[in-house]
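In this document, chain identifiers A, B, C and D correspond to the written order of the chains, with residue numbering beginning at 1 in each.
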Amino acid sequence: MKSLALISVVITGWLLLSAVGDFPDWGDPDSPANSYRLSQHFVTETFHETAVPNMVTAVLADYRGYDTMFETVVIFTAGIAIISILRVFRTEDPGAGGPKVYEKRPDLIVDTTCRLMIPIIQLFALYVIAHGHHSPGGGFQGGVIFGASFILIALSRDMQAAHKWVPERRVLNLAGIGILIYAGFGLASMFLGYNFLDYAILHKIIPATPIEARYHSMLGVEIGVAFTVTAIMYSIYSNLASKGTMKEGL
Amino acid sequence: MEFFEVISAKFNYWIYVIIMMIGLYAMIAKNNMVKKLIGMSIFQTAIILFYVSIGVKDGATIPILYHDQVHAGHHHDDHGETAHHESTDDHHASTSGDHETDKYGYPTRHAPDVVIDGNDFANPLVHVLMLTAIVVGVATLGVGLAITQKLHREFGTIEENEIHDLIKSGK
Amino acid sequence: MIEQAPALILLFPFFASIIVALAGIRVPGVSFPLTVISMFASVLSSVAVLVRVMNDGVIRYKLGGWEPPMGIEFRIDALGALVATAVSAVGLLAAIYSKRQVPAETGDRVSQYYTLYLLLMTGLLGMVITGDAFNLFVLIEVSALTSYALIAMGPRRASLAAYKYVIMGTIGASFYLLGVGYLYIKTGSLNMVDIHEQLIARGIFDSTAILVAFILITVGVWIKMAFFPLHAWLPNSYAYAPTTSSAVLGPLVTKVMIYVMIRLTFTVFGADYTFGQLEWSEVVVWMSVAAILVGSISALAQTDLRKMLAYLIIAEVGYMVGGVWLADDIGLIGSIYHIIADAFMTLCVFLFAGIIFAKTGKRDLNALDGLFTKMPLTMVGFLVGAFSLIGIPPTAGFFSKWYLIQGGIASGNWEYVIALLVSSLINAVLFFRIIEIAYFGAKPAEGHGDHHHAESHDSKISEAPLSMLFPLLATAALLLAIGLYNKDIVAIIAEFVSLSNLGAILP
Amino acid sequence: MSSSVTSFTPVLASIVSLLAVLPIVLLGRSPNAREGATFVAAFIKFGLVVSMLPAILDGKTVEYTIWEIVPNLEIAFRVDSVGMLFGLVASFLWIITSLYSIGYMRGLKEHSQTRFFSFFAVSLSATIGVAFAANLFTLYLFYEMLSLATYPLVTHHQDKEARTGGRTYLTYLLTTSIGFVLPALIFVYIKTGSSMDFVSGGFLQGFVGPTETLILLLLFTFGFAKAGLMPFHSWLPGAMVAPTPVSALLHAVAVVKVGVFCIIRMFTGVFGIDFLKGLDLGEVITWIAAFTILASSLIALTQDNLKRRLAFSTVGQLSYIILGVALLTPQGVTGSMMHIGMHAFGKITLFFCAGAIFQATGKKYISEMVGIGKRMPITMIAFFIGSMSVIGLPFAGGFWSKFYLLWGTVSDGQHAMLVVLLISSFLNAAYFFPICFKAFFCSKEESLFEARTEEAHPCSVAALSVTAVLSVVLFVYPEPFFSLAEYATAYYMSL
């Protein structure tokens, strides 16, 4: 296996390197990728067309919003997949053969620190989500941070404590609702007579110009993404950490 | 020195290939399933490095507009919006000269006065793409780990050859 | 609503999957009907799109209203519409079959199963109709993740197979992603048609980067379709997955990847580049010959029914890859026709294998002992599928072979023709072995006297329930229909092939 | 023969027995009604075939195109004189065989009789389909259908022996048809780009070179392995595990005759006699056929199992037909076509007799049949007549076809073949006459049977008597076959 691996690595590496000489220099503003109308359009026109100063957010949630919807679906799929692979609904035989799970005693320092930190983390997460139009951030980033706050609860105390906040069903609901929010914007555009995910038409139902409708819808879909990511991040953690039993974590 | 020049001009691309091959080697050669997944993670991260390298522009900053550009834009926007609410017809009459509008009277371009230089900002597209790739990487890793855990639950080991032995011996 | 039909093809299963995920966990009973209804709606949308494509030509559906290449578009030509119809139809039939088997084989995870199932269909249908190279990657991953999970839901050997699939699948998808990156770095575009135009406009067909991009994409897609020698992940995955999973994965995943290969070869790189500039047709055709022979011969060595069928898929992949790389009009028509035909015949035999497993609980060929008398209708459905795989007229499989062999002869690739014929014969041996067991019983009587031995076995096994029988027989009927109306299907395919410019580059 | 009539009759003639499967299956519970359905279908079929006879004798053809299945290629029926000849023989003998099988199957209380009669009907459908096929593609379609439809018949007993026989049967037939005929078919399609209709003088001329022609000729000749040309003959003795009515109709008439019929079609309608003559390719096939004739006759001599001896005899007789066309002379071709009919009647009589003996006494081996003439006189007289016909002696129909074959060899100076035919006739006599002789003329001590007359089931005896009598009648009045064969020869050799 080792020699096979070495051979394939050498061949692939040689193949990839052989094309490097053909690439434009690193950082060359005139490279095809940077000078073609695609990236130029995204840089120069995004603000005019969507009113979002953060081009990445605009491209993510609008120009390539369809991709992003499926990105969210990928996360959602991963969550469902892990549940379907790992989750044990029957109660007998918890964590057979795995490392022994200790019952945690509450630790004052860890507990207090986390108590203090978690609200701040969550607040920051909301900021990242909401301010994604103007600064680095967005639904994915904020969602991960938010999800991390729940994971921190589970880590600092135990999984049951985290479950009080986000029981399994609520996790799944959140994840599904997140995607529904995203796709709902698309569907709404469709019902109003435009193509799927063409937010501009939503100005008919929100008081704004078409360009502002895009701006606001993007915030909406980012919130949807954040829902899903938050929920699934926690779900992946809790399943993996409890070996699918959802009883006790690490 | 010539050689060094060649390398340095495309430094990132060389590095990405090397990182990627480390990952690929681990994916194929390692026997431990978690190590394989780590290799997979390295492999995917290398691709992210590659893509992000494409989008770099000398002398450009992150693809978010400068504050004053946005501010100028918002200024126009606010103005337009107020006018719109107060008296639509007036607004049209007064702005049709310098702002294009569509047939419903909505502006076709937001803040048309703001001038954005294409060379000021890095290519945003690759970042979007890589956001997706990261997400995919996380998802695959998660599923991979879940399957590994299931295998561990069922076979009591995560060494591939041991599992093969167990299957062969009919357990 | 007709102009929205392209999006509806995948939006129906997509929304249904979310609803199943939300509602199914409370009321598992809604999962199955929702799945079937949404798949049915998807079939209708596909047919509507197909009709529209045939009348008005290529449909371009701009998602988000953005002009490509800025935004993502669906670009559905005759080929895409045809494959989408086949994919959604297979999805519908396999879904109907799963009614009883999902609760039986996946226990308390019914809603998760159907969620994943619908997401898989969403991914596959999305792959077929998208016109964006990067979006294709995302959808490949959606379908891949769901496949991993659908396989891993099986018994314990399935988990190991799924793990290998994760590793191989990730390498394949990553290669594809890298290839797209190489294309992007040279052209700056992600839209398939636009990439092709840029390749021409910039005159960079000689570039090494484009060559490497081509290799990466091709190899990546080959891994995903289990083309020999990159097929190692497939047999166990499909053999040990729950029968409902393999009934949908077996027919669809490899076929859709072959569609993707055709799409990328002809739309992104263009026939001129692939067959004119690169002179690899010979090599790839020889590889496909190896795939066909290895697949068939390995299938011969199996005693596990589904594993045997899984190896046959590898051989069939060889048919189609070879057919494309014959660089011949008719060969390409044959390949595409075979995508449709093979999707249904693989479905047919996998449904059969599923029914046998459900009824007897056994995986090996001896489970079929004397089944002709016990389950005659099931066997009839199976016979049609088997005849189609062997290539007996007038089933669909005969006509796909007809076109493929024609392409092989016309392009002078006799080795491919011989491989096809040999594989047909091996298939005949394989399936008549099954037919013999089902007809004579596992141990036939020595003399003439004991004619009634079949009845003396345990007679608990009876005809399959309607929810299993209907998809099987419907598939069998479709196989005959696809065969008898092959001319109309080929007319649709020819629409695509005539645009592919393949005839012009031939010497 | 330029004028043609468009009529649905040929299609109907083919599918009527296919449609009959439905009533046969539905009436499965009541044997009399089921057999009634078989008979009705058989008579309708024969009637439909005969109804087209006047038109054919008028020099017309009856055509019907069902639909274009592959671009430029149609599923189409066309009845011409050769097809008519074969169709007449097959559909008529189905009636007789149905009669016989009723006796045989009931007499032996066979299982799964419904399945048996259903597939029998399907096989007949395919046979008539082959006979009336207008082009190579349609022919191939029905040829394959016949292979598969006869499989359950061959393996009817569902025991180990049947499985082995069935395996051999399918291995040979499918290997050759998929391995040889299909590529040749597609090659021809590509080269000519035509609809592959059988036409006078063939359609290959001008499209393929001499080497390609030779390869195609060999692929087709060996590919239609139902013709039993050596070395692809061993499925035929293997298939003798089938119940005797199956052996009789399928392996003396329908299946094997479909094989030679296809080869005749190849020679006359695809390659064209003149084209082959120009390339001098007939000789290759004549030698293969000659070898098969002699070898199979010698093997037949050594067989003790009556059905196997008949099988090897069939292999040899089939090669007569191939040899006849391969002579590429008008008389040879006429002789071949006539031999399809003449040999069918003779051989089916022999098979019926073999079955009747098995049915009445359970004997399969020739060595056990000493003195059987006293026990089953009608059967053994029929056997004698059948033998005469197959050997080609006067007072039986076989004489005429053999006469034409011999004439064919002489007219073109192919004396080697004349010798082959004569030796073979001698060998035929050598393996048939001792059976008849020992059946009747043996001392009381030698006889293995008590001296009481006990024939088989009356249905069986009636059937074999009819065919035996018809064999004789065909000597006196060979008319329909004779003129049909003459017409065909004239048409295909553009005389």
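To be clear about the criterion, contacts are C-beta pairs under 8 Å (C-beta built on N, C-alpha and C of every residue); 3 or more make two chains touch, one makes a residue touch a chain.
Predicted, not measured: the structure shown is a model, and the values here were computed from it.
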item: Chain A to chain D, fewest steps along touching chains; value: 2
item: Central subunit by CA centre of mass proxy; value: C
item: Chain centre separation in whole Å, for chain D relative to chain B (CA means); value: 74
item: Distance between chain centroids, defined by C-alpha means - chain C, chain D (Å); value: 43
item: Distance between the centres, which are taken as Cα means, of chain C and chain B, whole angstrom; value: 31
item: Length of the line joining the C-alpha centres of chain A and chain B, rounded to whole Å; value: 12
item: Sequence positions of chain A contacting 2 or more other chains; value: 16, 21, 23, 31, 33-34, 38-39, 42, 64, 67, 71, 74, 77-78, 81-82, 85
item: Shared-contact residues (touching 2 or more other chains) in chain B; value: 24, 54, 125-126, 132, 136, 139-140, 143, 146-147, 150
item: In chain C, residues with contacts to at least two other chains; value: 134, 138, 141, 145, 148-149, 152, 159, 162, 178, 184-185, 190
item: Pairs of chains satisfying the touch condition; value: A-B, A-C, B-C, C-D
item: Footprint of chain A on chain C - complex, ascending; value: 4, 7, 11, 14-15, 18, 21-22, 25, 61-66, 69-72, 106-109, 112-113, 115-116, 119, 122-123, 126, 132, 134-135, 138-139, 141-142, 145-146, 148-149, 152-153, 159, 162, 178, 182, 184-190, 198, 202, 207-209, 211-213, 215-216
item: Touching residues (chain side chain B, partner chain A) in the complex; value: 6, 9-14, 17-18, 20-21, 24-25, 28-29, 31, 53-60, 62-65, 69-70, 73, 77, 80-81, 84, 102, 106-107, 109-112, 114, 116-121, 123-128, 131-132, 135-136, 138-140, 142-143, 145-147, 149-150, 152-153, 156
item: For the chain A and chain B complex, residues of the former touching the latter; value: 1-2, 4-6, 8-9, 12-13, 16-17, 20-21, 23, 25-29, 31, 33-34, 38-40, 42-44, 46-51, 53-56, 58-60, 64, 67-68, 71, 74-75, 77-78, 81-82, 85-86, 96-98, 134-136, 140, 203, 209-212, 236, 239-240, 243-244
item: Interface residues, chain B side, partner chain C - complex; value: 24, 27, 33, 36, 40, 43-44, 47, 50-51, 54, 125-126, 129, 132-133, 136, 139-140, 143-144, 146-148, 150-151, 154-155, 163, 167
item: Of chain D, residues touching chain C in the complex; value: 68-71, 110-112, 140-141, 144-145, 148, 152, 155, 157-160, 162-163, 166-167, 170-171, 174-175, 178-179, 182-183, 186-187, 189-190
